[in-house]
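First subunit A sits with subunit B, and in the next complex the same chain sits with subunit C.
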Partner chain A sequence: MATRIHPLLGAFAILVFFFLLAPLVIIVGAALSDTTFLTFPPQGLTLRWFANIFQIEAFRRTAITSLQVAILGTGLSLLIGIPAAYALNRYRVELPRWLSTLFVLPILVPEIVFGFALLKSITIGLGLPVFISLVVGHALLILPYSVRVVGASLASFDFSIEEAARSLGCPPLKTFMTVVLPNIRAGVIAAFILAFITSINDVSVSVFLTGPGISTLPIQILAHMEQFFDPTIASVSVLLMLVTVGVMAIVEATLGLTFLTK
Partner chain B sequence: MTVSLTIENLSAHYGTTQVLKDLSISVAAGELVSLLGSSGCGKTTTLRLVAGFLQPTSGRIRLGDRDLTTLPAHARDIGLVFQNYALFPHLTVLDNVAFGLKQRGLSKPDRAKRAMAMLERVGLAPLADRLPAALSGGQKQRVALARALVIEPPLLMFDEPLSNLDAKLRIDMRVEIRQLQRANGTTSLYVTHDQEEAFSISDRVAIMNAGRILQLDTPEVLYQKPASAFVARFVGFENLIRMKVIERQSAIVAAEAAGGTRLHLSQDLFGPIKDDFILACRADGLAVRREGEGIPAVLGTRTYLGRAYQYKCETAAGEITANGPLSDPLDAGARAVLAPLPEQCCILDPED
Partner chain C sequence: MNKFARWSLTLPATIAVVLLLVIPVVLTIATTFGEAGGPFSTYAAFFKSGFRMAVLYRTLQIALITTGISLVVGFITAYVIAQMPGRLKSIMIVAAVFPLLTGVVVRSFAWLIILGKNGIINNVLMSVGLISEPLSMLYTQGSVIVAMVYLFVPLMILTLVGVLEGIPRDLIEAATSLGARPIPTFLQVILPLAAPGLIVGAVLVFTGSFTSYATPQLLGGEKQMMMGTFLYQRAMVTFDWVGASTIAAIMVVITIGVVLIMSRMARRLNPMAV
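What follows is the complex of A and B.
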């Protein structure tokens, strides 16, 4: 027997999907428009704005920077996040409660404040080069994802198997690598992907940390828009969206998306 | 190469709470000793201290001539069997069993050969390629047992290994554990809260309470001659009657319980009796008679036990449970006397 849905509820659901998806449809439409300004619905269809992206050196350069920052930042955040998540779960009883909240702060603090704070502390305060600042800043921004997502898979991890390994003669670090890590693999991959996507799409932190000669793709999109209001912006956005969708598709195919929401 | 385990004056704290108080115990080579007690008595803490997962505040742990006290867990060479099996979920049954051999640097063919031989002994060779998730509880515990035994440890420890299994399997598994332990002659420490399990599997049992060992004896002695009121209650003595001596005439002692109930007890039969004592016995330790010397009682509900009738009796000294013969059933409300049978009674010190 099919469940009957109240017509109002149905209409409401359709509205929600409409508001979620409509802007994306508009962007895709605008990217295909054969005009020199952004418009929707598209007037004529062309792919020349996509081709145009690759002719603009700044987009190529910043896309590479974005990828480098995302990969290094995510790696760094996992390097800190995995041991932190491990400790927070393993010693849950012994550690004070606020400690786990501490690792979520970067997403609780308004991003613009966080970005400014990073500018003051690491770029100006420590005088780090722009690229390093970006990597460190992104690593801190996405640290909550590493800690929370890896933590979620550690929450259901049975720590007695760690004791079993040690009783069988396996030293602590080796136990972590051979017994703990393989069993939280899914969580680590999920954390990597979430963190990666967050990093590659970030504007508010990057806007403070980018500097002369070094920028990320989203920041370059903003800069480009200030000068040219042409559909190139829309087509870059579509590409960025496709990268995200592609990553999610890989997750879905290999692990199933459900484990991101678990 | 069987060795003995010696624990000397071990104390442990969680924060400021002392959970183990100056505990000493020694397990002879090849012997299986159980730590028995309710939860929070310190039995698991003792096992975790010996395993090296906890550090004692004072005391020593020795295995043969090795001092384990400060060794890290992975250097202690102890086989452990956990309550929740603790198998490695990402490894096959064979790799689980071979894990300890791998840590000892054995070559891959050697590991596989020895792990397989061990799996055959526990009857799981056909499941060698399965993952633990595809096993039943009993099979998992067999794998855990094989994994602990295959490294041929000088000491085996069991932490409530049968608690997660159903009743029938529990009995099969404890026979199996006992056989394997005997065949290998491995010194073993076994933690459980199940009295029947402890008594059936052990050479000796240590009854623990509040971080101390109250009595360490063979199951027979514990069952028949508990040394304190706590142990008596623990092993199922229903009746603990507090009494005071009022008169001594050579070996015969006249004693009085609450409510003025008097008994004459012979020290030749009951053993030495102090002025203030507890007369402890099971329901079988009191004969229900229509008349004669004994504790006057009004019988309550009669329960058929198969080998006897059991009565809940009202006496001046409180409620007493006693078993009467099948040949002479008595009805509720009948008057009778309850005569203590010396060979089934214990004279214990009163509790403070």
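What follows is the complex of A and C.
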């Protein structure tokens, strides 16, 4: 679809983009301000608030926890999600329909309810360590991405290639690793990225699963904000935005960003 | 491959979801029926309490207003993006995706700098001389809605760009060449074809804002408590776990109810469906 657009609509869209991007520019400006309070436009330029992040032990510790949880959680969700996505596409006729509904439940159930339920049953009920609960909670939260996004690229995979390999004597696992997996590479990368970003930014589940000594970066930022309102928070936010920029660069290089609208 | 092998591939994920999501959530809801005052006593208490009902109404109201604004803003923007030539279109999509991939804490925090007592808006208004005392814009329903719209407009845009691009150009040209004016073309051709996408977008935004936690926590505070912050407060501050579970159950019923009703509607409305 392509027609000419009314100048008023164009102007409106420009305003929307201003609305979407200006707050992020403001954060960058506030992070560079040489004042002890948050302000924009910055008064004087300094990088000391970035240096300050590394001096605050809680930020260092929680950033490491966040990365560990995101990597382990994403890995775990792909490990159980890819076989499920494969089976759902390969044996679509034989498998019951409710199975694919089951795998989107983590999106359907409100995150904050899921977090609370996990706290009650896993952390307190079963006495699992906080870190394990976090990894498991995140893995489950992002499972729908693994199943759906990998599933979308399996849907366009021609399974007769796989059958050819199998009938020529290639064992099942080797067939999967050398024939199927390279063909759904884009889907796996996309799932990994979406899952990783979701995990690293999560608040609603993590807020229940952080215990003494263990917390994730977004939760630590929230806690810090309650006590201090200085540019350190802005500079941590800038660092998190840089992670997003990095991820987007990876997406652009591997898949092209337009895949996100598909 | 035999039948067991087919099932076994889905088994780890199935067990994980059942054990770690379905059972914990069902157990949480089940505890609300085991009270001394009878199986529905906690719900009766919830619906009789003026304060708790106010939280529920406020949450529904904020979620509905956010959804409405996001639909209009997102649709117009997505429409413009869909008309753009390739290069410009990619740039605009990147600009919409970037905030989406930025965390909710960071995006809500930006509005603290903008709307705060010493925030940008107050500074500008004071230096221009329009006001002499800073306005208190934070911790109002307006501040929560602005931040929520900010949170969800990119999601709406991305959902709708794909849908609008999928509308065949021939259809619009056919309508135009048969003499349809722009507004009837929009109302009778584009809007019905985009309806399923609008419904999907509306469901995503409504459920997202209805169940949000970080944004009302930062921009609404105690004054604008929503169901998400209320649940957290009951569970972790006052340790009223049955009360928290009751809130959780109400949230689950409303969210899943909305999703089921709207997805049925989307299926019925889809003119392309066979």
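Note that in this section the second predicted complex is superposed on the first by the 252 of 262 C-alpha atoms of A that agree within 3 Å, B and C clash if a C-alpha of one lies under 4 Å from a C-alpha of the other, contacts with A are read in each partner's own complex, and residues count from 1 in each chain.
Everything below uses one rule, namely that a contact is a pair of C-beta atoms (placed from the backbone, for glycine too) under 8 Å apart; a residue touches a chain by one contact, two chains touch by 3 or more.
Computed from a predicted structure; not experimentally measured.
Model built by superposing both complexes on subunit A: subunit B and subunit C fit together without a clash.
Between subunit B and subunit C, it is C that contacts the larger number of residues in subunit A. When the shared chain is aligned, no partner comes close enough to touch A:Ala58: not subunit B, not subunit C.
In the superposed model, A:Leu47 lies in contact with neither subunit B nor subunit C. In the superposed model, A:Ala155 lies in contact with neither subunit B nor subunit C. Contacts of A:Leu20 after superposition on the shared chain: subunit C is touched, whereas subunit B is not. When the two structures are aligned on the shared chain, A:Ile250 is found in touch with neither subunit B nor subunit C. Contacts of A:Pro172 after superposition: both subunit B and subunit C are touched.
In the superposed pair of complexes, A:Asn183 makes contact with subunit B only, with no contact to subunit C.
The superposed arrangement places subunit B and subunit C with a least CA-CA distance of 7 Å.
Annotation: subunit A residues 172 touch subunit B in one complex and subunit C in the other.
Taken together, the subunit C residues at the contact with subunit A in this complex read 1, 3, 6-7, 9-10, 12-14, 16-18, 20-25, 27-28, 73, 76-77, 79-83, 90, 92-99, 101-107, 109-114, 116, 118, 120, 123, 150, 153-154, 158, 161-162, 164-165, 167-169, 171-172, 176, 182, 190, 207, 210-214, 217-218, 228, 231-232, 235-236, 241, 244-245, 248, 251-252, 255-256, 259.
By the touch criterion stated above, subunit A contacts subunit B in their complex at residues 158, 160-161, 163-172, 175, 179, 182-183.
Taken together, the subunit A residues at the contact with subunit C in this complex read 1-6, 9-10, 12-13, 16-17, 19-21, 23-24, 26-27, 30, 37-40, 79-81, 83-84, 86-88, 90-91, 94-95, 99, 102-103, 105-106, 108-114, 116-122, 136-137, 139-140, 143, 147, 172, 197, 200-201, 203-204, 207-208, 218, 221-222, 225, 229, 233-234, 237, 240-241, 244-245, 247-248, 257-258, 260-262.
For subunit B in complex with subunit A, the touching residues are 51-53, 72-80, 82, 84, 86-90, 99-100, 103-104, 144, 147-148, 151.
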